[in-house]
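Here the chain labels run A, B and C in written order, and each chain numbers its own residues starting at 1.
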Amino acid sequence: MVDALLRSVFEPGLFSSGPVHTAAIIGGIAAVVSGVVGTFTVMRGQSFAGHALSDVSAAGGSASFLLGISPLLGFVGMAGIAAGGMEMIGVQRARGRDLATGIVLGAGLGLAALLLYFDATFTSTTGAAITVLFGSMFAISSSTIPLVVAFSLVALGMILVVYRPLILSSVSTELAQVRGVRVRLTESIHLLTLALAVALSAMTIGAILSTALLIGPGAAALRVAHRPAWAIFSAALIGLGTTWGGILLAYDSYYWSSDHRGWPVSFFVVSLIFIAYLVSGRVGARSTHRAPKPLAIEEISSSPTQSTRS
Amino acid sequence: MFSGFMANTWIVATVVAAVAGVVGFFVVIRGSSFAAHALPLGAFPGAAAASLLGVNAIFGLVVFSAVGAIGIGQLSKRGKRDVATALILVVLLGLGALFLSMTSEYAPEIYSLLFGEVLGIAKDEVGPIIGLGVVAVLAIGLLYRPLMLSSISPELGEVQGISTSKMELCFLLVVALVTAMALPVVGALLVFSLMVGPPAAARAFTNRPQVAIVLSAAVALVTVWASIAISYESNWPVGFFVGGFGAGSYFIGRGWTWLSRAYATRADTAVELEHAA
Amino acid sequence: MIEGAYDLAEDKGEALAVEGVSVWLSGREILHDVSFSLHRGEFTGLIGSNGAGKTTLLRTILGMQVPTTGTVRIGGSPRGAHGAAVGYVPQKILLDPDIPLRSRDLVGLGFDGHRLGIPLRSKHRRILVEEMLEAVDASRFADSRVGTLSGGEQQRVLIAHALIRHPRLLLLDEPLANLDIRSEYEVVELLSRLAEEQGIGVLISAHDMNPLLSAMDRIVYIANGRAASGTTDEVVRTEVLSKLYGSHVDVIRIHDRILVAAGHEHDGLPAHTEPSVWAIGGRS
């Protein structure tokens, strides 16, 4: 009975399939790194920058076809350039951040249009746009695993180094300055880490999943967890769970219809993340009036509210 | 370049630019660039869905972008606005991935949905696009005063009984309309570039809101006309020029603001010195 | 509840009456049985430290917060359909200097911002805006971009924005925060003059009563969600404030300034507060 149930959840061949293995490993790594970095991104209100970097780095990916360089270099390089541009035109300040991000994104996408056009004319690779945007998790080559692991460790290491000052400056810039934190430097390192994490995930699992895994798990975790470390841990866990769940469902979906046309992984992962976010809202709302306010500093309400005596 | 089959392109592009310039003014002062980017990008699978059902692509775009607008509006009531926008975007794109896996839509068509295809405006698209544009501009005209006040300061709006969340929803729906009309022309990825670049420049050159809106529409018109003309001559994609001109406008605006403030400070100092003497 | 014996002449008309208002928010009583009234032409300070309940009280008067018990009357009629009867300047309005908007545009939106459509050129509207800018002494920067004005100048424009529909009551939430001493003085002077000239009741919240002392007709002192009202001399006294705080406080007058200090720790303070003396009224 249990055996039959298990067999219907884990369709035959799931554990022996090479592409599924690779997808699970790379997807898992991308989910953990995105969850950790994304918690800070959500806390700092830089979701747009996170998404923009993934779109722009995808443009870099398309350039790499053209220039004949390694895609990794294309993705990471372009994300780095975009992060630098955002830093220069003031994405760290809350005012005008949205517009500054949009301008960099617009310029990057314009460039992408041109590069993809050249791709199509000179190398006759059509379909690059779709691969870059939607990714194809089951088509990742297992040879990229060591490279992805190395870059992920670098990203996690950078977060670890600036962990405390970054949390402090995310909660309050002034507080951090008083404590002698070099806010600008800390924030630049965060932006660079963000660029690295996003480029990695955009390259491996596509721009959509990159944004979904960056924002969704972090936002959900911040609604339920009351301590930063706990939030980061939960975000990584939610990311991992939704990614593996999505891979499982996508694999299963091959058997859902007779013509064996599987549904895309990205659809399942995104759906699971969205459900996790909605559920976290319910859970978080129930626990707020007993526990202190979650760390996710909700958007400062538009109308003055009663604050407790401090 | 001005031959018969290009006539539709010029008409449609002109309408799209003017409307994007007007609506874009509010996108910029409300800080809604992310939504203005997310709605078109999230809506483009609507075209695929429409072809799956065998209906007009614009219909699919209107439905998808309206669903996106309502989703963002609802979700940001109980959470951060940027998180809500990002999540709705990926959910729509996830659905898009599903639809695209079901259709046999081939790559060039998706490329043109993403990056625009001004040269291929079909005759039966002209009517709906102009219609949507007129509706969007009328909606902005109708909402003008409460939208303006609520954009300047949600608190001041609430004092006069203007609901911030209702205003946000109405505005997102207007952006959704612009999305649906502009997407086939400039492409999902660059509609927002047309909505943020020109107003970012316009706001620097005048202190009058209504003048800024007209100026923004004018800059958008010049951007689009120039982009199409250069694209036609060079054969390079229109999106590249729209994105580039958008960034260019932004920097011209920033530069002008910087110059005029530096000048104002110097003038103030001069007056003070005069008084002292 | 301590209601002062002092009352203004009846013929000036009631601008605001708060009667027995209590507000509970998520299981906590924020306001407890607050009553006071305010007449037209009166300048009243709503004084209390952060978290005492000032903002909740203002929100209740505005109708943005429904009181658990008690009533609020504005201009003699129950709150609700008052429309233009209350003008309000919220706390910490930050106007973006990048928005193209002149002072006169913002004041104009105070007049008809709630109506649909584009503002039509009307002589009536223009004259009204002109008058308001003049009344708050802002004509000089009528055509400047509001976001680039100084804090004190922005405050004037916001006051004109709130006053243009000729309300009977004007509420201001911490309008003196972030102002330098000179602008602070000018804004108080302006509000006191407007109260008299335009015959409106002005209620202004502040954590420090000292900048208001010269101008205040009456004071509403709020602590722990309880309020006492009357003239400064009636309310700011050791007995009255001790009762309000529920522990002994001293009222110290130094030159023209008033300092309220507590000798003992009381339940509203965090236990780890080090100094045994803390100032409520004093500038921190």
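Methods note: contacts are C-beta pairs under 8 Å (C-beta built on N, C-alpha and C of every residue); 3 or more make two chains touch, one makes a residue touch a chain.
On a predicted model such as this, the values are computed, not experimentally measured, just so you know.
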Task: Give the chain pair, either B-C or A-B, that is connected by more C-beta contacts.
output: A-B
Query: Among all chains, which one's averaged Cα position is nearest the averaged Cα position of every protein chain shown?
result: B
Query: What whole-Å value do you get for the distance between subunit A and subunit C if each is reduced to the mean of its CA atoms?
result: 46
Message: What's the distance between the Cα centroids of subunit A and subunit B, rounded to whole Å?
response: 25
Where subunit B and subunit C are represented by their mean Cα positions, the distance between them in whole Å: 41
Statement: Multi-chain touching residues of subunit C, meaning two or more other chains, are 64, 90, 96, 98
Query: What residues in subunit A touch two or more of the other chains?
result: 96, 303-304
Message: Can you pull out the residues of subunit B that are in contact with at least two other chains?
response: 155, 158
Residue ranges of subunit B touching subunit C (in the complex, touch as defined): 29, 141-146, 148-149, 151-153, 155-162, 202-204, 206-212, 257, 261
- request: Give every residue of subunit C touching subunit B within the complex, in rising order.
  value: 62, 64, 88, 90, 93-96, 98-102, 105-106, 109-110, 112-119, 143-145, 148, 158, 161-162
Message: For a test of understanding, state which residues of subunit A touch subunit B in their complex under the given definition.
response: 42, 45-48, 50-52, 55, 89, 96-99, 101-114, 116-117, 120, 126-127, 129-130, 133-134, 208-209, 211-212, 215-216, 219, 223, 261-264, 266-267, 269-271, 273-274, 277, 281, 296, 298-299, 302-304
- prompt: Contact residues on subunit B for subunit A in the complex?
  reply: 28, 31-34, 36-38, 76, 78-83, 85-87, 89-91, 93-98, 100-102, 106-108, 110-111, 114-116, 154-155, 158, 164, 187, 189-190, 192-193, 196-197, 200, 236-237, 239-244, 246-247, 250, 254
